[in-house]
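The structures come next, written out as structure tokens.
Two complexes are shown next, each including chain A; its partner changes from chain B in the first to chain C in the second.
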Partner chain A sequence: MTAEKFVESTGFKVVCMPNPERNISGAYIGDLLSWVMGRAESDNVWITIMSNSNIVAVATLADVGCILLAEGVTLDSEVVALAAEKGVNILSTDVSCYDAAIEVSKVI
Partner chain B sequence: MNRYYYDLHLHSCLSPCGDDDNTPNNLCGMASLLGINILALTDHNTTKNCPAFFTAAKRYGIIPVAGMELTTSEDIHVVCLFEELDDAMRFGDYVETKRYLVKNKPDFFGRQQILDGDDNLLSEEEYLLSNATMISIEEVYSAVKDYRGIAYPAHIDRDANGIIAILGAIPPDTEFRLFELHDGERIEEYSKAYSIPAENFIISSDAHVLTDMREKENYFDLDDEPYSSAKVRKELFRILDRRNSENR
Partner chain C sequence: MSEKLVFRFDVSGNDFTSAGQASVQVKKNLRQLGFDNEIIRRVSIAMYEGEINMVIHAGGGVAEVHVCEEYIEIILDDHGPGIKDIEKAMQAGYSTASETIRSLGFGAGMGLPNMKKNSDEMKITSEVGVGTRIVMKINCKGTNE
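Let's turn to the complex of A and B:
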């Protein structure tokens, strides 16, 4: 499923979507970036509450399909700009990581 | 110029995880036995045992430094040190307004005791001290600087609450220039991996129990004439400031 289709199916908010055709499959949940780097898989929806700008670098390294910010976490505009520049899709939702994961599992 | 052995990261019985025997007097007495000259008290998110620590330090001939180990909103530990006790206390008041107030459970987390200079109990901190504050890793450096202090990430060689474990790397645009290592054997490794000059690493014990305090090993050579503990502290901060401001 593409990132764009994923957003249509789930209703998650778009923070930035520089790569709408990006393939998405599976999910990983984690906030400890050193773990995420080694454990998230390519194309995953990465669900996190971490808002530090390093999430963009980690998303690129782990080659995830998109970042999904849970719990209504917001980003500084510089982080959003960086993600847009690096081609990293970022979505957000007000629900918890657990509830977000349930929504994700319904569509992929 | 004289050699001063240091340990700039220690917890007292005010930190929930700090042993009840880590009273200001016991910390200073132990440091004196170990040959440590400069000792910083860095309890989690508080400076409230620093006044007692200064009294105890005088008794044992230790040069005290007032500090705090701040937990950022990302759960990263940052060592904050102040040349002046007053500045540390004012910073402590500021952090007080940035804490999430969760009641401490002493049976589980440990007691949080505020003592006087003779190790008498003054009061107990009601809310847990070690949890994350509202201050983010990007804000710490300037926040501490506003109170004339120096901040640097704690134990970057550890997984628990170390900046590298949590953020995956040292953020490229970071304002930090000094970094603490728990293990002094790893200076070369971290210096190479992160392009940090070897002299910018501070090695400290992060002792939560007296037996984790270490024999004297790491030192600064400081110009200390005319001698006073304030003069030594001033020179220490001059050196830290210099290493902190170079190569920006």
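Let's turn to the complex of A and C:
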């Protein structure tokens, strides 16, 4: 499923979507960056509450399909600009990581 | 690609916000060179962990990446405090990172284990008070399994 279609199906909010055609499959939940680097798989939805700029580099290098910020976490505008520049899709939701994962599993 | 390509990066030691720049650039270069996605992913992870370690622990350093058809070699050199007990540092979950570093999502004690997991060969040379050199080799043909 593409990132764009994923947003349509789930109703998650779009923080930035520089790469709408990006493939999305599976999910990984985590806030410790090394764990995410080591365990998340390509194309995963990465569900996290971490909001500093390092999430953009980790998402790029681990090759995840998008970042999904849970619990209503917001980003500084610099982080959003960096993600847009690096082609990293970021979505957000007010629900918990657990509830977000349930929503994800309903559509992929 | 008949000749070996060498990419060299100065990794700044005091800029957390741009940490990972060298790894992102290497990933981009390898994509352009047409390497397999799984190889690129392993190199990216191994190098990012090494880069972050240099920023967190060593005040920066130099990263060199040697690329040829058969393998990719990542060489990380720093003049930081050195690693007292390499065996202990290699243990998953062991970290000497500060609380501030941990609050940024680092310091999970998974850096060196991730580097080992994603490379086919890894060699650490370290002297306390002098610095650390890490050489990681990722073979492009075959796997590390």
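Some points to look at:
The criterion applied here is as follows: the second predicted complex is superposed on the first by the 108 of 108 C-alpha atoms of A that agree within 3 Å, B and C clash if a C-alpha of one lies under 4 Å from a C-alpha of the other, contacts with A are read in each partner's own complex, and residues count from 1 in each chain.
As a working rule, a contact is a pair of C-beta atoms (placed from the backbone, for glycine too) under 8 Å apart; a residue touches a chain by one contact, two chains touch by 3 or more.
Here the structure is a predicted model, which means the values were calculated and not measured.
Upon superposition of the two complexes on chain A, a steric clash is found between chain B and chain C. Partner contacting the larger number of chain A residues, of chain B and chain C: C. Judged by the touch definition given at the top, the superposed model places A:60 against chain C, while chain B stays out of reach.
Once the two complexes are overlaid on the shared chain, A:37 sits against chain B and chain C alike.
In the superposed model, A:52 lies in contact with both chain B and chain C. In the superposition on chain A, contact is made by A:86 with chain C only, not with chain B.
Superposing the two complexes on chain A places one region of chain B into the space of chain C, and among 44-52, 80-88, 188-196 or 224-232 that region is 188-196. Residues 31-34, 37, 50, 52-54, 57-58, 61 of chain A lie at the contact with chain B in one complex and at the contact with chain C in the other.
Contact residues on chain B toward chain A in their complex (touch as defined above): 74, 136-138, 159, 164-169, 171, 173.
Across the complex, chain A meets chain B through its residues 31-34, 36-37, 50, 52-54, 57-58, 61. On the chain C side of its complex with chain A, the touching residues are 16-17, 19-21, 23-24, 27, 37, 41, 44-45, 48-49, 52, 104-106, 108-111, 113-114, 117-118. Residue ranges of chain A in contact with chain C, taken from their complex: 31-35, 37-38, 42, 50, 52-55, 57-58, 60-63, 86.
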